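What follows is a set of structures to go through.
After this come two complexes, each holding subunit A, first together with subunit B and then together with subunit C.
Up next is the complex of A and B:
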């Protein structure tokens, strides 16, 4: 591996020293550059000196440990000459710390190191050793890594060891500390993949004990284990068991479990196939849409997009859509927002006639929602309905909604609405950009918030690239150039910013005829900021267009190089020099 | 020039400069500030901003509303540091703008631009945390001594951080002060940075323990004597972002939204166009997404 270059500006010895500095920032800096140190001193010294040295750092602050585990995750196997097992003790120690992200990363690094060892027997010996030591640790958090590692090596160890590991999992699943049971539940999905090496009875026993657990965050993860087991032959043998347990989770008292179940509906559907989904779970989804808990309605609404592919179009029409009519007027904005983001996915499935009769009314209601976020979310999915119904029919209803959003109090909403314009311009063409719509665009160009004006300018450039310069000049640009005479300098600047943005779309003729006079006039503006920007625009035009544009630009810059304002003078002079 | 542009780019990303770069920036800044008058002359058009208090991401929000420097001219009324999490980046960015575009931005000293105050309200601690020593703080507080203490826009608007002083009747009284020192505990310079307007007649004792409170009669007298349309100042939190008093003869502008990340107030900037027409622009605090990731530890497991 090529040597790492020292770009820190510090000698290696100093970086090494600072590993033990009192100042935590210096320790972090050195730890970040462990790979540099290792690369410099070579694999032997790294193995024999650096790694043992690092052991002493393990008592350090969480901040340092987070950096340490990240640092060691980068190429360190190469840096110790390919001998991955040298790193194992350090990672094992990092599996015992308080910070969860450090423990998880360390455990995953152990997994990675083990895959790089060629000798199977060695892998077995080392991994069993690590697992047993962590399991016997006084500190209960160490069992986190045990739950991660056992599934990773289960199929690589002897029958005897497998039995030992099974017993460890059994014990962990019944540990009195809920945290430990949680780790076991979370990673059980990885263990079930090893069926039939782990047998049916064991899986059923563990799942049965979890489902009776009083903690909802332990019951929750059964969903993942069931999904994974459905992908193994276990599903064929124990279909009823799996389906029944899914149903228990769907009806769980705690909404967090129901929420987690609903969140994974699409994956569940894939695992049990369409028929299985329709027969067993479709009703739950429909029930969730009417749940008392708004979080449930929200996640159920969000999932419409993905589960609609699993449903029969008849069911969508007769059972799903009627429920949506209540949701579109739910009191909670985030529920309506979730609906807005996924309802339009139904259009391509149910066809044009049904979309027009059933979805269009919902669409129009959400379009007028009092919460601007909901309306924006709807706009982002617009193409799904326009592809089915055609853009023309929609543009009439959309314009009033656009107009309202264009005047929203929140400037970010105004800015997002502007982007919808080019969508319609692209789809319909210039007919969409009627007087009303053009007026909106001009209002945005004159918005009181600078960011909105910037977005409007960018949209103008987009429109020109879609509809052409001739159209733009006739309908839009002349009105923008008129901003030159606005009293407020910030709005006069819009003229120059627009020219900057559309330079590539302007022809040299147009520039000579229209732009040059504008620049000449604005070069005499009483406000220095305007004249500064005239310099910027002139140099940009000269450089990008060249040819017969360069000369008039030079002339303008020459007059400005005598300006009374220091900044204008400097800009004009350096622009001329660069030409 | 390119050094400065690099520093500005870094600071805009909320990355702080190296110690060397800060010292260099402070030296350059002093060269420019030293030649400013106690009553700096500012021309329209200009946008006036109140306290920022280290709320860097809200300053970025301010620029999104008011326009970037140097396309928009700015006048900051002080109190750039203390209380917020990013006093260092805030102060250095504005200082870098000042050095790069001296005619496009003016910075006035606030009562928090002082050695005493910054040791109590956060700037000193932030420098220690970010640089490991007090050097940066020392260099920045040296720059504070050079900041001007007032400005006048087109001879018609008097701008100061706090308010008026019984020792200042005519504007020349300000010019004759020696400002290049730590903010004193009393006297004219102290009053200008600490006083507050109040619905009283004449002068009163300030509950802040420095400066005075002064009424509408004092304000109108001062404006009449010096031919000013109104006084523009900051220093006091205003929930709606700005407040006018005494028949529009005094305006308070406050530019730190959701002050201390919990008051929930609006902020504002005052745009004065080419003809001194006034326009207030209100803005709110930047969202969590705009603030970016402040290095946080994941929630400890026992809270699940």
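Up next is the complex of A and C:
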């Protein structure tokens, strides 16, 4: 592999020393560049010196360990000359640390290394060794990796070893420490994929013991295991068992378990097919929409988008939509927000007439919601309803709402609303960007807050890329160029910033015809800041466009190199030199 | 119910040091580790001191020995409010150890920290890497029990943290301040969840604050919190996200006839705990302990006057501000009694029916000085009654009848 270039500005031996620096930031920096060290000293020395030295780094803060595992995950197999097994002891040690993300990454890296070893027998020997050592460790958190590794290698080992691994899982699932049972439950979904190597009785026994567990976070993950097992032949054989267990979880007394179930409804629906969903789970979703706990209503509302594809349109009309009327006026904004993000997905399914009668009222209510976040979320999904009802019929209600948001006291709301415009342009097309909407964009370009102006300029660039330069020039750009004559220099600057942003989308002809005169005029502006920015814009145009643009730009810069302001003069001169 | 006889076992501290106590040495938190092998102590100087029972071949009750200490918190300045943040440790909670590593949570008024104490070798580079790019040579400079901060729970509380408890499964940590109760994930300190929010729309209308909170000893989804109005709320995290709406309220209605100037102050609950079996709640306010049966929320099953003579001294106590002192309470292992501290170096062990109130007096003579306090007891508290010798913090061991009681800068162990 090609040698890694040292771009740190530090000599390699200093980077090596700083691996043990007292300053944590220096240690992190050095750990980030382990690949550089390895590449410099070569694979043999990396194998014999660097990797053993890394053992000394394992007793460090979580922040450093997170960097370490990431660093070792990039190309290190190549850096040790392709001998992946050299890295295994380090990753095994990292499976024992306190930080869960480090343990998981380390376990996944062990998986990756094992796949790169050619000798199958060796793989079996090494993996069983690692699993047994971690399982016997004093550190109970090491069992996390055991739960991750066993499913990964299960089908590659002998029958005897498989029996041992099954026994390990059995013991872990009954461990007295809840976290250990949690690890087992989280990764059981990977183990069930090996059915029928993992037999029916075993799966049922484990799931039965988990569902009786008093810990919420252990029952929760059964959902994933059930989904995965539904994708295997286990489903045909034990359909009732799986469905009953799903139902128990949907009715769990802990709302967090019900929440997790609801979150996975779409995946459950796919696994049990539409008929299965309608018969068994549809009612639960409808119940969740009426749950006393606001978090439940929120997740149920959020899932409408994905679950609606599984439902019969009749049911959507008769059973689902009536419930939404209460949700649209829920006291919790996050519930209404969830509704706003997914209710419009129903429009294409139920057709024009029903949309107009049933969804449009909900849409209009949410459009006037007191919480601006809700309104913005609704806007982002606008195309779903305009595709069904048409833009014109809606613009009467949408434009005023958009205008209100555009003038919101909170500048962050104004900035978010601007981003909605490109949604419109992309999904609906230029008809939506009527005079009124474009006026809003121009108002944003003249907003008091510079972040808002920035966002507006970026949106302009987006609109040009979606709708084309000709459209933009006719409807938008000419008006922006008019900003040149505004008294407040900040708005005149907007002209220049806009040119900077849209350079790549301008044609040379357009530049010669329209931009050059602007720059020539602004080069004579009384405010030095403007003239300074003219320099910047000119040099950018010259460099990016070249050709027949370079000369007029040079002329402008030459005029400015005689400027009375020292800064402008310096800028113009160095710009000319670089050309 | 069998009466429990507690006997003096051990003391750390002596008369000399106790007569001249410097403020920073005063013990502000005590907690046994779950196996009883270790005990953690926090003081006003922000230190965490760990004691252990050394593992010897002898089977009889071994004594505690000093093991190690660390500086947990230091004094900080809150720039936004222009006030000092004291380093005083408010609470200590042990988490399950791994191998030889110990994990302890400590908190001051604002910040919770997770400490790890482990056998480590601290190394130093004695020969740096040179032109040959060899690995640096290391040498061990220090070996032994080294503490390190593993996690810091970011400054979230607007007011002073009054309680810190870990759930039995150690996935969650519960902290409470005057207005909010937060649920933290031990794994990810950056994620905190508001479990209870007492903040009124208009802060001027504030009439009730949270005074303490604690998890149920075995059920990880239940916790209680107490307020300054003498109300206990039992919350179930399974029922709802924000737990206050679905909580069971335990409060005794106020008797207007008995109301006086001090009523509001003395009804504020200073600490409450579940009995070990989870069936009862013991709540301590300034003068009394109320025993509640979880199944009956409308009135307590017993109200015990801890030490009645204090009632006649309320004016003095208000003058010297001792009326605002907070006392801890703990349940015995069999759930049939509770232990709570008092003034004048005394603590009380009372059965949960309130029939037998025994007062123990702490002393440096290794003696167990105990007397029975009958109901309706009166005594003239003379000038020798020392209000400065407060027994505010204590901790019950979870594996044997052993209680650690702190008075000023001294730590006493009693067993039954």
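As a working rule, the second predicted complex is superposed on the first by the 408 of 579 C-alpha atoms of A that agree within 3 Å, B and C clash if a C-alpha of one lies under 4 Å from a C-alpha of the other, contacts with A are read in each partner's own complex, and residues count from 1 in each chain.
To be clear about the criterion, contacts are C-beta pairs under 8 Å (C-beta built on N, C-alpha and C of every residue); 3 or more make two chains touch, one makes a residue touch a chain.
Nothing here was measured: the structure is a model prediction, and the numbers come from that model.
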Is A:370 touching the first partner subunit B, the second partner subunit C, both, or neither of them?
neither
Message: With both complexes superposed on chain A, which partner does A:139 reach: first (subunit B), second (subunit C), both or neither?
response: second
Partner touching more residues of subunit A, subunit B vs subunit C, is chain C
Would you sort A:179 into first (subunit B), second (subunit C), both or neither based on which partner it touches? both
With both complexes superposed on chain A, which partner does A:217 reach: first (subunit B), second (subunit C), both or neither? both
Going by the contact rule set out at the top, does A:160 touch subunit B (first), subunit C (second), both, or neither? neither
For A:396, select first, second, both or neither according to whether it touches subunit B, subunit C, the two together, or no partner. neither
For A:7 in the superposed arrangement: first (subunit B), second (subunit C), both or neither?
neither
- Query: So, does A:62 touch the first partner subunit B, the second partner subunit C, both, or neither?
  - Reply: both
Check the residue A:255 against both partner chains and state whether it touches subunit B (first), subunit C (second), both, or neither. second
So the subunit A residues that subunit B and subunit C both touch are 62, 98, 100, 141, 179, 217
Counting only contacts in the complex, subunit A reaches subunit B at residues 23, 25-26, 62, 98-101, 141, 179, 182, 217, 411, 448-451, 487-490, 493, 526-529, 532-533, 565-567
Listed in rising order, the residues of subunit B that touch subunit A in the complex are 45, 63-68, 70-73, 101-104, 132, 271, 273-275, 277, 279, 281, 297-298, 300-302, 304
The residues of subunit C that touch subunit A in their complex are 96, 98-101, 116, 120, 123-125, 128-131, 133-136, 138, 148, 150-151, 169-171, 187, 219-221, 237-241
Touching subunit C in the complex, subunit A uses residues 12-14, 16-17, 19-20, 37, 40-41, 45, 49-50, 52-53, 56, 59, 61-62, 98, 100, 137-141, 177-179, 214-217, 253-256, 292-295
